[in-house]
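The following block contains the structure, expressed as structure tokens.
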Amino acid sequence: MKGKKANESFTMMTEIVLPNDTNTFGNLMGGRLMYWMDIAAAIAAQKHSNAPVVTASVDNISFENSIKLGNVVHIEAKVTRSFNTSMEVHLRVWGEDIIQKYKYKSNEAYYTFVALDPNSRPRSVEPLIPETKEETNLYEGALRRRQLRLILGGKMKPDDALELKALFFKD
Amino acid sequence: MKGKKANESFTMMTEIVLPNDTNTFGNLMGGRLMYWMDIAAAIAAQKHSNAPVVTASVDNISFENSIKLGNVVHIEAKVTRSFNTSMEVHLRVWGEDIIQKYKYKSNEAYYTFVALDPNSRPRSVEPLIPETKEETNLYEGALRRRQLRLILGGKMKPDDALELKALFFKD
Amino acid sequence: MKGKKANESFTMMTEIVLPNDTNTFGNLMGGRLMYWMDIAAAIAAQKHSNAPVVTASVDNISFENSIKLGNVVHIEAKVTRSFNTSMEVHLRVWGEDIIQKYKYKSNEAYYTFVALDPNSRPRSVEPLIPETKEETNLYEGALRRRQLRLILGGKMKPDDALELKALFFKD
Amino acid sequence: MKGKKANESFTMMTEIVLPNDTNTFGNLMGGRLMYWMDIAAAIAAQKHSNAPVVTASVDNISFENSIKLGNVVHIEAKVTRSFNTSMEVHLRVWGEDIIQKYKYKSNEAYYTFVALDPNSRPRSVEPLIPETKEETNLYEGALRRRQLRLILGGKMKPDDALELKALFFKD
Amino acid sequence: MKGKKANESFTMMTEIVLPNDTNTFGNLMGGRLMYWMDIAAAIAAQKHSNAPVVTASVDNISFENSIKLGNVVHIEAKVTRSFNTSMEVHLRVWGEDIIQKYKYKSNEAYYTFVALDPNSRPRSVEPLIPETKEETNLYEGALRRRQLRLILGGKMKPDDALELKALFFKD
Amino acid sequence: MKGKKANESFTMMTEIVLPNDTNTFGNLMGGRLMYWMDIAAAIAAQKHSNAPVVTASVDNISFENSIKLGNVVHIEAKVTRSFNTSMEVHLRVWGEDIIQKYKYKSNEAYYTFVALDPNSRPRSVEPLIPETKEETNLYEGALRRRQLRLILGGKMKPDDALELKALFFKD
């Protein structure tokens, strides 16, 4: 397993907000957006692993700006790091009102996927090779986020989360 | 504002996994489930606030078991606490294979919503009154989760998150 | 076959009326509601029979009040009685404008389902045990409704429908 | 109001059963079919009234044969009679496996619609003029079915339903 | 292979334009209409071939009038001619505002389908027998349109398209 | 009106083929693909015109390879040239089986859109500036394709289509 570059998993998705995607204010519903993000992130994870994948977890997502009916939704996904059988995918989402030439950030998020073999059992995936400065930062942060995920999922004790500890209480 | 009981926001949703909700393994896609959870949680938040609401954030979700094609999805949502204009909603999700009498946990999650006035501006919501032991635990934990959300969203410094600190380093 | 309590089949479904569910007046289309009712009732029938089920018939439905765009749809379903291989399910449907705290009845209905074995042939289901006063009334009425169904379907002669006769022309 | 011929409302709809329309046996779900029937019948009622319409009621429907995945669904709708502000629509539904040249009846049904004026209030519709023998039979039967609907809806006493009585006890 | 009459493949489809089918002007999106046309045309091609079919190509389509939200879409499809394993289907599409008694042409189009055997390989289809004057014109034109398709697809040289040449430059 | 570069309209869309998008062979239906292409192309045309757009016409499309259930659909769209109030958009579509590392061409197509002002009337759009060799070829070919469209739509006489004539009979 020689590894695969971060950029090889890059996935770009573009959608338009249609009436049924909106709440009564004419804004894209959060759940509908998370559905699209799940598909974009799953494609990125498949590109890295060349295997079918299932969503294992989704990290905290904050929705910063509502995306309006008729606006365009831009979703970019890229694998940040792999851990044995799982991969973390970083997503960036923007809305765009093309008529008014106004593009705005909706949110950033991390989804984690597990690669499966034909019997639906987890299978190992290649290491990820970060190249750019940003990819390296995302690669390093992936360890901390994974610790937080394990603590929040009750699978790790806070005291064992050394990287996370260092982040939260720098002294 | 005299407050409203947790139980008044209780919402139960039931769905069946149809072919288009599944990936190539015949399992419910994570994104489709998050879409349903968003609707169930939004209804709970509306019940508490009697106002239209928008999804502000979603906490870390871990998917424990896949829900199969044809199985039933049970979603229960209840507001845990309100903060000025926002409400945290707790969700529990199970899958059920009724034919085989097998019910299994899928995940637990927290969604946060903001109540809006007719001009789409945040409006204050009533305090939540927990009654049962479990509601009280959820109510108290809401503060810690909110601090974690603010830190993860870059809106609070880790050192100011006293309740969260106490959780991570109990000594 | 010792029987199963009515309450064990109880199913509660909650939906929001989205734009594509509505006609040009912004009201939920009757056909869309019957689709949701079919799924809720099928789940109730599955709970009673622990077998896959298919819709056999739907009784007369009167829509009393239109449910509006953005309103919540509440559907409750419970098996009233079983007949060899079929089950009658009683449904109650309400609309709710949560913002205006206004809940209103949409309709009541009866759907009938047949339980199937793995070869798609009808299979016997357990008797239903009514417990409350209301469940007993529904249980008893099920016989009359079944006669009406058989007559309307051309499978029974009106003169043989003793219970129905007694209901219609009490003398 | 000089009346309008039955045939002017004739509507033919054709659909294919797609994966998401089916249950786990690969058969069209009853609720999905009722959704399509509602749209076909609403178009027929609009053709007769040249007004927007809403579904008022649906009569007893028996599903005779399951329609399979990939098969074609044929729905024919025609107004049978009008009553002040409402219209009864008769529907016939067939399934067809074109590859195997096999066409089979699914069901027959009656939907009732109310015509609305621009303020959403019931408005009067023209009388229906039956021409063929079959249209005349449907026209005459419409009165009995309406009485049954009113009795089942609790809006008429059985003893006042003269036409229906004559049907049940022919002597 | 004795042939089959054009009329035997005739297919009529009726749809209503719902909110999610429209762009921000409330007009039916071209892509949604082409989706419905594809299904109607595929049914016509199946009727002629009694075999499963796949879309091979779609000829130039010009959209003449927008179809409005809530209006009815009428689609008529009929096979014009068969070529070994493929069939050309002619489609006519109208919109109709029933309330205002206004019916208008949307477009005319030609879709081509290939019939498949159970191994997904092209299989031969019966010759088409045109009967009316219009069917004969469509039958004859099918040869020219096929040449244009082959040229545009890079599978025929312009100089070999004798019928097409005669059409374009009559001298 | 100083013009806008071809590349500024570039749009990339990524979708996964879900069960309901497929025919009984498990292949993406042509109509569903044309629906996605219409949305991708409309976004490209909006990017060039910064105005709402409606689909005016679609050129001949040949589907070369079927895209399978679960495969990824890649759609790329870019404006090739503008004509007063309309724009031609070039689309390229591939399918990809990521697991088997197999990417294959589905089709190439041209959609034409008209830009609208707030009263739904055609409004002028900026000229397109091609930069690369390929963009220049597409720009030049746009004139021929436009002539063919006008002839096929009955709006131009074949003898007036000088560029097209030159293509068909190069001598």
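Here the chain labels run A, B, C, D, E and F in written order, and each chain numbers its own residues starting at 1.
The definition used in the following text is that a residue touches a chain if its C-beta (ideal position, glycine included) is under 8 Å from a C-beta of that chain, and two chains touch if they have at least 3 such contacts.
Just so it is clear, the model here is predicted, and its values are computed rather than measured.
**Student:** In the chain contact graph, what is the shortest path length, in steps, from subunit C to subunit F?
**Tutor:** Steps on the shortest route: 2.
**Student:** Is it true that over half of the residue numbers where subunit E touches subunit F are used by both copies, so same, or is it different?
**Tutor:** same
**Student:** Quick one: superpose subunit B on subunit E by CA and send over the rotation angle as a multiple of 5°.
**Tutor:** 180
**Student:** What's the farthest chain from subunit C if centres are computed as the mean of the Cα atoms?
**Tutor:** The chain farthest from subunit C, judged by C-alpha centres, is F.
**Student:** If you average the Cα atoms of subunit A and of subunit E to get two centres, how far apart are those centres in Å?
**Tutor:** Here the centre of subunit E sits 43 Å away from the centre of subunit A.
**Student:** Counting in whole Å, what is the centre-to-centre distance of subunit D and subunit E, each centre being its mean C-alpha position?
**Tutor:** The mean C-alpha positions of subunit D and subunit E differ by 31 Å.
**Student:** On subunit E, where are the residues touching two or more other chains?
**Tutor:** Residues 19-20, 23-24, 39, 42, 52 of subunit E touch two or more partner chains.
**Student:** Go ahead and list every pair of chains that touch.
**Tutor:** Between chains, contact exists in these pairs: A-B, A-C, A-E, A-F, B-C, B-D, B-F, C-D, C-E, D-E, D-F, E-F.
**Student:** If we count contacts the way the header does, which residues on subunit E are in touch with subunit D in the complex?
**Tutor:** 11-16, 39-40, 42-43, 46-47, 50-52, 72, 98-99, 101
**Student:** Can you list the residues on subunit A that touch subunit B in the complex?
**Tutor:** So the residues of subunit A in touch with subunit B come to 23-25, 27, 29-32, 34-39, 42, 52, 54-63, 66, 111, 116, 120, 148-149, 151-153, 158-159, 161, 165, 167-169.
**Student:** Provide the residue numbers of subunit E that touch subunit C in the complex, in ascending order.
**Tutor:** Listed in rising order, the residues are 18-20, 69-70.
**Student:** Help me check something: in the complex, which residues belonging to subunit D touch subunit B?
**Tutor:** Per the stated touch rule, the residues are 19-20, 22-24.
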